[in-house]
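Both complexes shown next keep chain A, but they swap its partner, so chain B is in the first and chain C is in the second.
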Partner chain A sequence: MQVEKFYYDNKIVKFFAYATILWGVVGMLAGLLAALQLIYPSLNFDFAPTTFGRVRPVHTNAVIFAFVGNGIFTGLYYSLQRLCKTRMYSDKLSWIHFWGWQTIIVAAAITLFAGFTTGKEYAELEWPIDIAITLVWLVLGYNMFATIIKRRERHLYVAVWFFIGTWVTVALLHVVNSFEMPVSFLKSYSWYAGVQDALVQWWYGHNAVAFFLTTPYLGLMYYFVPKAANRPVYSYRWSIIHFWALIFIYIWAGPHHLLYTALPEWAQSLGTVFSIMLILPSWGGMLNGLMTLRGAWDKVREEPVLKFFVVAITCYGMSTFEGPMLSLKNVNAISHFTDWTVAHVHVGALGWNGFLTFGMLYWLLPRIFNTTLYSKKLAGTHFWIGTLGIILYAVPMYWAGFQHAIMMQGFTAEGNLQSQFMDMSKAIWPLHAFRALGGALFLVGVFLMVYNFVKTLRGATLVANEAAEAAPLAKEYVPTTKNHWHSWIERRPMKMLVLSLIVVAIGGIFELIPTFLIKSNVPTIAAVKPYTPLELQGRDIYIREGCYNCHSQMVRPFRDEVARYGEYSKAGEFVYDHPFQWGSKRTGPDLAREGGKYPDSWHFNHFIKPSVITEGSVMPAYPWLFDNDIDTASTPAKINAMRTIGVPYEKGYDRIANSDLMAQAEGIRDGLAKEKLKTAANKEIIAIIAYLQRLGKDIKTVNKPATASN
Partner chain B sequence: MGVILILLIASISVAGFFLAAFIWSVKQGQMDDDYSPPRRILFDDTVSPDTIN
Partner chain C sequence: MKFVNYLKDITGIEIFPLVSLVLFVTFFIAVGWYVYKTPKKAMQGNALLPLD
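For the complex of A and B:
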């Protein structure tokens, strides 16, 4: 067989690597700003785009989809070509993918700062960007599968399987979760409402962790760890089980984000069961990665790349042990809505994704430039500073999580709540300060890496097209023995195990279908009515300002929560919530029963400067709400969009909605005027007060005669 | 909870895809050998003499 000569495309790898570093710095700076804002609220600068509610989505989107995203593509373009012994199928598609993805990132940053958001965590981007993501993802998929098809190596190494799994699942998650009803060019409402929206969102959210932050990085681990250690993976068999088992189990674990919420109980249990099962494949993979270094620990002492990999894999092990634990209902009752979750994700993000990326870059960049790293010592310093940063980040946040839960759940001997929300908020203030310090240290390490690369690559030239040789693939696969269709499984207990797992998973699901079809899962509540036009506008302001980043709208059925916030939340209360706004973190108190708790004047003054009303509050001020006019021009389109997705506004209501809006707004304005607070009726502050005063009110009126809410 | 049906269809179709992929990979003989693939990736097929291995 004739050996063929071909060239690996290293230029695309270089560009993705640079993008990874650039967006890493940007995303982490945004994170640092957000962390500092939680200790010094003045750093919100009284300016809409720089308030925490907008900075935090910029941070999460930047580190996940820009930093880790480009990290995935860097490793994928480098390893896929070498694993398939071929150049990428099309250079043109590679570059469309590269520039398309960077354009999406820039568009995402601009729109998020400007307040265009769907209000669904980690899926905040508005519909035109969602469509662009889909298209660019298809380009990547076409290029990737075409490359795999024209490969010169029949066997698909396990890393390639992880890339395939990632691509397929992310495509599906993104499409299903992004069903939106456009209102205008940059505004849409989630197709789903309330509990349904929550379930889809966390099915997506959890699997974004699974299939964007985990499986592609496992693919990278299975390629770069053996390469850097120059030793085969500990057990190839294990890696295959790892892949198939992980893929099958992960997708069902989403509901563990909704434990004790209004989600039907059986769905919560399903999520918990699959989450516990996840320990096995996750730890199998983690140990497989670590044991690849068996007999090479002497190299770990000297090679910073391997040091990064060891800590990355260890952090993967810690987060994937912690994840299932957090999915237990009794643990989740403590951790949910607190900084514990934040600590958990950052062990994964900083340790697993961050360190694996750094190790990969230190290994790969000098190679494609055919040079050696400027300073191993500096890389070692980066490693230690980064590790210290992770510890200084995680430990205070775990502490803050416990403190939060203990203080919130405590009762005095007389049966009263022990602490006010603000007592807790003040108590964890120093811990948040330490967290910011940890994050800053981690970022210092990144800057050391940037300096190291500048020095390394100065004067070096990129091997843009790296020559390689391999024999072409034989036309047809000839098995060594003649197999009966199922003989392979009889001889292979490992595959038997995997297949059984599949059967169990799918079988279990079909068993559950009849349960799903029962309508009683979301009992309807007659008193729950659609939002008035003014409240709807107020709700959109609530979403725009990212209030859900700090405030939940979900009272769990616990003694302390019911005592503090009121009646626990029912599924039927959220049927008109497109999107749901349950939130995932209580930096501020829950708002599910906010309506009627304080007078309008309290909210008015609170929005001017929260820390004047509530001493020690870290909430930003929202002065622009007093200047901006309510966007009444959009009211008819919003009413129509809501009607299309099932909210029962009467036909033709869009035409008179604005007069209802003004009538309600004038009522609030007059009420405020009585307390000598002057504002025009058409200001945004009126709309957001109307919305907050509506929250949780519907079921309070259940026993009264049916009147229009509010 | 009609949305669960959507999620089920979505999730099961993913599961179905992977099942098909698994069977395909087995039929292709990808699981026949778990010794050489992990070692093969350690070798670069580059021909340039000054490329680092």
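For the complex of A and C:
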């Protein structure tokens, strides 16, 4: 058959690689700033955009979607063309994808710093950006599938299955979790409330880890590890089990983020069972990756690329062993809300994603420039500094996690709580300092890589269009050997897409539908009423400032938590919470029962400078809340939006909401004035005090807390 | 969520996690069995794809 000549597009790979490095540096710098803010609160600079509550979402979004996102696309555009033996279907679509994604990243950074957020972790971006993400994702999908369809290699290699599974699942997750009711151009409320919102959010959040940080990177592992070791994957059989079992199970495991919360018990158990089962495919994949290097370990000693890969895959193995352990309820009772979770994700992010990206870049960039790496030795130094950084990051954070849990759960012989929250906060301060050092070291390694690349690529020219040749696919497929059943689907990309969607949808359906359809899952509490307009405005300020990054609103049914914070949280208390604000980490104390705990004047002074009221507090000051006026113009639109999604404000209430708002605000102002604290009634500080004083109060007023509706 | 009101209750909620578990275990065993039975030769060519 006539062999066809064609060219691989390396220019797009180069651009994505550069973007990966750029956003990696930016995202990690933001992370370092956030880490330093937790030890030196003055680094919040008393300036809204640079407070921890806004910097942390910038860090997480930048690292996940900008650094890892561009890393995925670098590897995908490189490997897909070669595995399909064809150029990308459309250069134009490739470039729309590239610039679209970078524009989204810039828009995300600007809006997050400015305080526009949905208040849902890892899905903070507001609705216009959500729509843009969907469109750009469709462009990628179209280009990817069109490329696969015009391929010259009949069989789709396992890496491509992972790309297909990733694409379809991320699309599903993003769309379902982003249902929101727009209030204005950059403000919306989650369509779901309370328990349902929490379940959808962690179904999404967990699977963002699964299908953005894991499956596409497994695709890269299955391509680049064999490439760099120059030997085929250890077991193709295992890769079949790995792929199907992983995408099938992963989607079920979300509820393990909500153990001991107000989520229905059966959903929690479901999450635990499936999380435990996840060990099987994860470790199968990990061993498959490591065993690919069998007989090549001598190369690992000399080749920094392979060193990075070995540690990356080992970190994958460690975090996928740890994950199921963390989903056991007794372990989760210790890890949840503490730094243990932070340690866990960073073993994955720094080790698995970071090191796999670095290894891939060291292998790929010199190749597309047809040159060799400037200094292997420097890459080796990067490897060691990076590894030391990961250890220095993770070990103190594990320690801090245990110390947090032990101190919070301790009781004296007399039955009193052993430690105050601040005792614990001060005790883990040095550990947070070490963590910042670990993060800084990791970043130093990245700078060494940047220097190495600058030296490598100076004077080298990109092979923008790399020549290749292959025979086109014959119309009729004649198998050379007896085919196995799975090879049938390996030749049919669209059926692969549909089957992947079905496999992930099963888990999603079983997990989400019952909670939505069955009213008995969320017992209603008659005393729980919608927020007043002032409280609603205060809640939006709470979300804007990212308070949920440090404060939970979820008292778990533990002796110490009930003794410290009050009655444990009930599902029915959150029915008007669009979005839910349960949080995932307690850098500060829980706020679920904050209402009435302190006088208004305490909150007023505390927001001026927390460390004056609570010695040793690492909370930032919020001076702008005393200057900014409450955005009363938005009140009617907010009331209407809330009513549309099911909050029972009476018809026409939007017209009189602002007079209720002012009446309540004046009451708070007068109360403060009695204590010689002067402020106008229309300042944001009044709204946030109103919100905090409302928290958890509803069920304090009734004797019988919960009545199921059926 | 307004549609919540249309379906107030489904009896036997426990069946959901049970069905899911059975579904998965069956699926996992089936894939495992299939892969185990497939001769290694049939897959060798595919494993070499990235090295072409």
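One rule holds in what follows: the second predicted complex is superposed on the first by the 661 of 710 C-alpha atoms of A that agree within 3 Å, B and C clash if a C-alpha of one lies under 4 Å from a C-alpha of the other, contacts with A are read in each partner's own complex, and residues count from 1 in each chain.
Note that in this section a contact is a pair of C-beta atoms (placed from the backbone, for glycine too) under 8 Å apart; a residue touches a chain by one contact, two chains touch by 3 or more.
Just so we're clear, the structure is a prediction, and the values are computed from it rather than from any experiment.
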Inset, instruction - Go through the superposed model and pick first if A:P226 touches only chain B, second if only chain C, both, or neither. - result: both
Inset, instruction - For A:W266, select first, second, both or neither according to whether it touches chain B, chain C, the two together, or no partner. - result: second
Inset, instruction - Tell me which partner A:G646 touches in the superposition: chain B (first), chain C (second), both or neither. - result: second
Inset, instruction - Look at A:I240 in the shared chain and tell me whether it touches chain B only, chain C only, both, or neither; answer first, second, both or neither. - result: both
Legend entry - Which superposed partner A:L83 touches (first chain B, second chain C, both, neither): both
Inset, instruction - Kindly classify A:W252 by the partners it touches after superposition: chain B alone (first), chain C alone (second), both, or neither? - result: both
Inset, instruction - May I ask you to decide whether A:Y192 touches chain B, chain C, both, or neither, giving the answer as first, second, both or neither? - result: both
Inset, instruction - Would you check which partner chain A:M277 touches, where first means chain B only, second means chain C only, and both and neither mean what they say? - result: second
Inset, instruction - Look at A:E469 in the shared chain and tell me whether it touches chain B only, chain C only, both, or neither; answer first, second, both or neither. - result: first
Inset, instruction - Indicate the residue numbers of chain A shared between its chain B interface and its chain C interface, in ascending order. - result: 82-83, 85, 153, 155, 157-158, 192, 196, 223, 226-227, 230-233, 236-237, 240, 244, 248, 252, 480, 506, 516, 519, 521
Inset, instruction - Would you mind writing out the residues of chain A in touch with chain C in their complex? - result: 79, 82-83, 85, 153, 155, 157-159, 191-193, 196, 222-223, 226-227, 230-233, 236-238, 240-241, 244-245, 248-249, 252, 266, 269-270, 273-274, 277, 280, 480-487, 490, 506-507, 510, 514, 516-521, 645-646, 709-710
Legend entry - Touching residues (chain side chain A, partner chain B) in the complex: 5, 8, 82-83, 85, 153-158, 161, 164-165, 168-169, 172, 176, 192, 195-197, 199-200, 203, 223, 226-227, 230-233, 236-237, 239-240, 244, 247-248, 251-252, 264, 267, 367, 370, 463, 466-470, 477, 479-480, 488, 492, 495, 498, 502, 505-506, 509, 513, 516, 519, 521-522
Legend entry - Residue ranges of chain B in contact with chain A within the complex: 1-8, 10-15, 17-19, 21-22, 25-26, 28-35, 37-42, 44-48, 50-52
Inset, instruction - Note which residues of chain C are touching chain A in the complex, please. - result: 1-5, 7-10, 13-14, 16-17, 19-21, 23-24, 27-28, 31-32, 34-36, 38-52
